[in-house]
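Paired with chain B in one complex and with chain C in the other, chain A is shared by the two complexes that follow.
Let's look at the complex of A and B:
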């Protein structure tokens, strides 16, 4: 009885300790924040001081140069093409990786860990970083951008899908094994039917990210509509830059909506 | 004629759990055997060792005169195709059609390039359909597996095993997920197939009334040891209590109250 009542009413000491812990945590976060803010030269004064010139920039962008849109059609198509080819090639490359990095399909422990490690390593690199490196390697242009998105799509799709694959119902796999089915037959008859909707949904998700990424690949010289943004800003052609931003915004929203509708159909 | 013979069969799992301890067992060709025991007694391990989903760590198993402990990968697939298995949770691919699920039982006889393209020979499709007919659900062939009731899904499981044209049928708690009337129907199907085709059948059950009603021979496992082997007609309540290591309760019977508690 006495134990039960004491557990219901925490003692004063426990309450005070809890408060002290809270204060320490807040103090730590504040310290880390101040350290970081000093590192980036954060100053409230500068924000207020620079505010007018920021508004000036926005003002210079209005109205956007509508006529510039005609010149954006080509780069826009290139942006799409970059995202589409990158997504498709990346998805195809992801398939073997998905199967190798799922412990219920690949029972070879060393191969499993190597695949998983490769996948995680490939995933730590941002598509812009891939693009910057590839531009140095294969030269300026959309081809470098496409390769960047290929690596990125492969890594992220493999990561997401292989994790879902590890969570499928293993019963059918066992049944296929008990029938004397081989590995490929297990994949075709027990794995694929279960994972396909998820895989398709993640592929659309990766395509959404790729569309977004392909609009800025041009900033590192990897083709697409981002090149126009870069040039317009460098040449102070703000109405043109505004038109690029507006076009990008509309395209990204449209693709996101379309992809969302498709994904809801899948699940 | 003996078809399955276990000698000193032991299974120790990697974690150190001893699931089977020195089991000696003979099963005759065409017999209908029921394995009883509490959950964790090793029933499931015994079945899975027979088709080598679990590898024995000691002793040996002879099936049809051949020791199956050491088979090459290819021989193992060939051997497994002769042993049908029926599972507690049916283990169907829910999103696939009933027919496609049953066709999985025909994989072994068809070249892999054909199975991967889904191009099964006409005879195999006909065979799969006739297996569905035998369990009374041929008209469901085109339905998606998850549209079927539990009892129907288990019949798909039976049809898939039958499609293998097996010498041995292993059923691991085939009625544990079903209601009492459906349980009886499924047990009757298994019994009928055993009688018509003479396929040696081993069924794991934990309901003693079902075991007595359908079994020909009963095997009792307790903590991985074989503690009973005898005819179903002769087993007494005391012997069941010996196998279970405790007194028999209503939950051990499917009949009256047992099913309702599950």
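Let's look at the complex of A and C:
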């Protein structure tokens, strides 16, 4: 469309072509919607008709069972521990990947593309899917959750940080290379000082994601407070489920605030 | 990334803060790893078990390619309808949450709080509740994404509204246009392309979410994966994973391409 408006006098043919293009795009979008709506069995009637049962469910959760909080302390700590260990192990594993996937540090093209490709593919899978697979593989519990978060954090942290690393000031790197510094010295004196604040900030961001994820890992049996949510709902103990949700909410908000303060200090 | 020159004392103070940060991180890690009661046996059996599983996933069961693709198609459809539903709901809310449209101050503040609250919960939690009230199936997934995505879309879109150029509004005001006309001709044309951009971005995220919703019964490829996992059919799990990775990657790149074209 921009070509049509930029030329001074668009010929009629260009105008007609533009209109045809617009009609085709609209028709394609309409087709995608019809196809999708039929595929998911979308019906406005059903959505509105079932809405009262959804609100009934919410109503059954009021008031929350405050006393249940005592039973949640243990799982809550486990949630924290899963997120902390997952984030830290993932961050440590991300370091080599970050260096390999930055074209100003790693000049080996094949290795560069392999590491970039690996983290992009690993990132397409949600941590919950990793958790579901790991629970089937290594058994129920927070260990599976920790491994799932480790793997996902590694991929996402490596992607974010390596992209920032590629944008750093290459001056110090070239200076060290010119005076004969080896790779390790270059990383220590030219790369690390520039990238550490960004890396730490992304790690906190990944930790926020992991706290959110670790509250639901229990739904597939990978430990934490999500296990309580699952059992409460399966046993129709809705006030208990409400307490779990309330606790989750408070925890996520608190961690987000704390992490935001720290990140503002860093960058 | 130019850094201001630091004096020696400032530099020393900075590195001390970093060391304290490392120590706190280390302490948290030790506390967490001890608290999780991971015994060595678990690790010793767990790591080879993962290797065995990975080996069993390959070669993937290509006979199940068709059912995995059908599951993935449903996942895409859930993401399309869910994202659109959220986009429609989020538009009025994002105008209410914008601070520059002359609404009484409590309206944007209150709307922002509601949006933040929605954003706090992962879509899986919405998924469970909609499965419980609507029954298992893709419609529950649509509702979960449709409600959950309002939080993020409303927040991003209200920020777009807050950053609009006031020039066209003032120009229309000067010609004596009323509020509705100013909104229609000065606000909407400015925000629409960026609204489409945020919606496409959320669609990319929702595609990943929709592939997980099946774990709680809300339709899509997650259901296929869950069944394969229940019967430990690792070759089917491998096939499902490959389909997810390929389709999500393709849609990510196409959506990013369209977003760059629009904005």
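Here is the rule we go by: the second predicted complex is superposed on the first by the 242 of 267 C-alpha atoms of A that agree within 3 Å, B and C clash if a C-alpha of one lies under 4 Å from a C-alpha of the other, contacts with A are read in each partner's own complex, and residues count from 1 in each chain.
We adopt the following convention: a residue touches a chain if its C-beta (ideal position, glycine included) is under 8 Å from a C-beta of that chain, and two chains touch if they have at least 3 such contacts.
In this text, all values refer to a predicted model and were calculated from it rather than measured experimentally.
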| said: For A:27 in the superposed arrangement: first (chain B), second (chain C), both or neither? | reply: neither
| task | On the superposed three-chain arrangement, identify whether chain B or chain C touches more chain A residues. | result | C
| request: Using the superposition on chain A described above, determine whether A:16 touches chain B (first), chain C (second), both, or neither. | output: neither
| said: Tell me the contact category for A:258 with respect to chain B and chain C: first, second, both or neither. | reply: neither
| query | Just chain B (first), just chain C (second), both, or neither: which does A:174 touch? | reply | first
| task | May I ask you to decide whether A:114 touches chain B, chain C, both, or neither, giving the answer as first, second, both or neither? | result | neither
| said: After the superposition on A, what does A:194 contact: first (chain B), second (chain C), both or neither? | reply: both
| message | Contacts for A:184 in the overlay, against chain B (first) and chain C (second): which applies, first, second, both or neither? | response | first
| said: Per the definitions at the top, what is the overlap between the chain A residues touching chain B and those touching chain C? | reply: 169, 194
| note | The residues of chain B that touch chain A in their complex are 51, 53, 76-81, 83-85, 87, 89-96, 100, 104-105, 107-108, 112, 115-116, 118, 157, 160, 164
| So in the complex, which bits of chain A are touching chain C? | 32-33, 35-37, 39-43, 46-47, 50, 53-54, 56-58, 77-78, 80-82, 84-85, 88, 120-121, 124-126, 128-129, 132-134, 136-139, 142-143, 146-147, 167-169, 194, 196, 200, 212-213, 215-216, 219-220, 229, 233, 245, 248-249, 252-253
| query | Which residues of chain A touch chain B in their complex? | reply | 169, 171-172, 174-182, 184-185, 188-190, 193-194, 197
| query | Contact residues on chain C for chain A in the complex? | reply | 1-2, 18, 21, 25, 28-29, 31-33, 35-36, 38, 42-43, 45-46, 49-50, 53, 73-74, 76-78, 80-81, 84, 116-117, 120-122, 124-125, 128-130, 132-134, 137-139, 141-143, 208-209, 211-212, 215-216, 219, 222, 225-226, 229, 232, 237, 241, 244-245, 248-249, 252
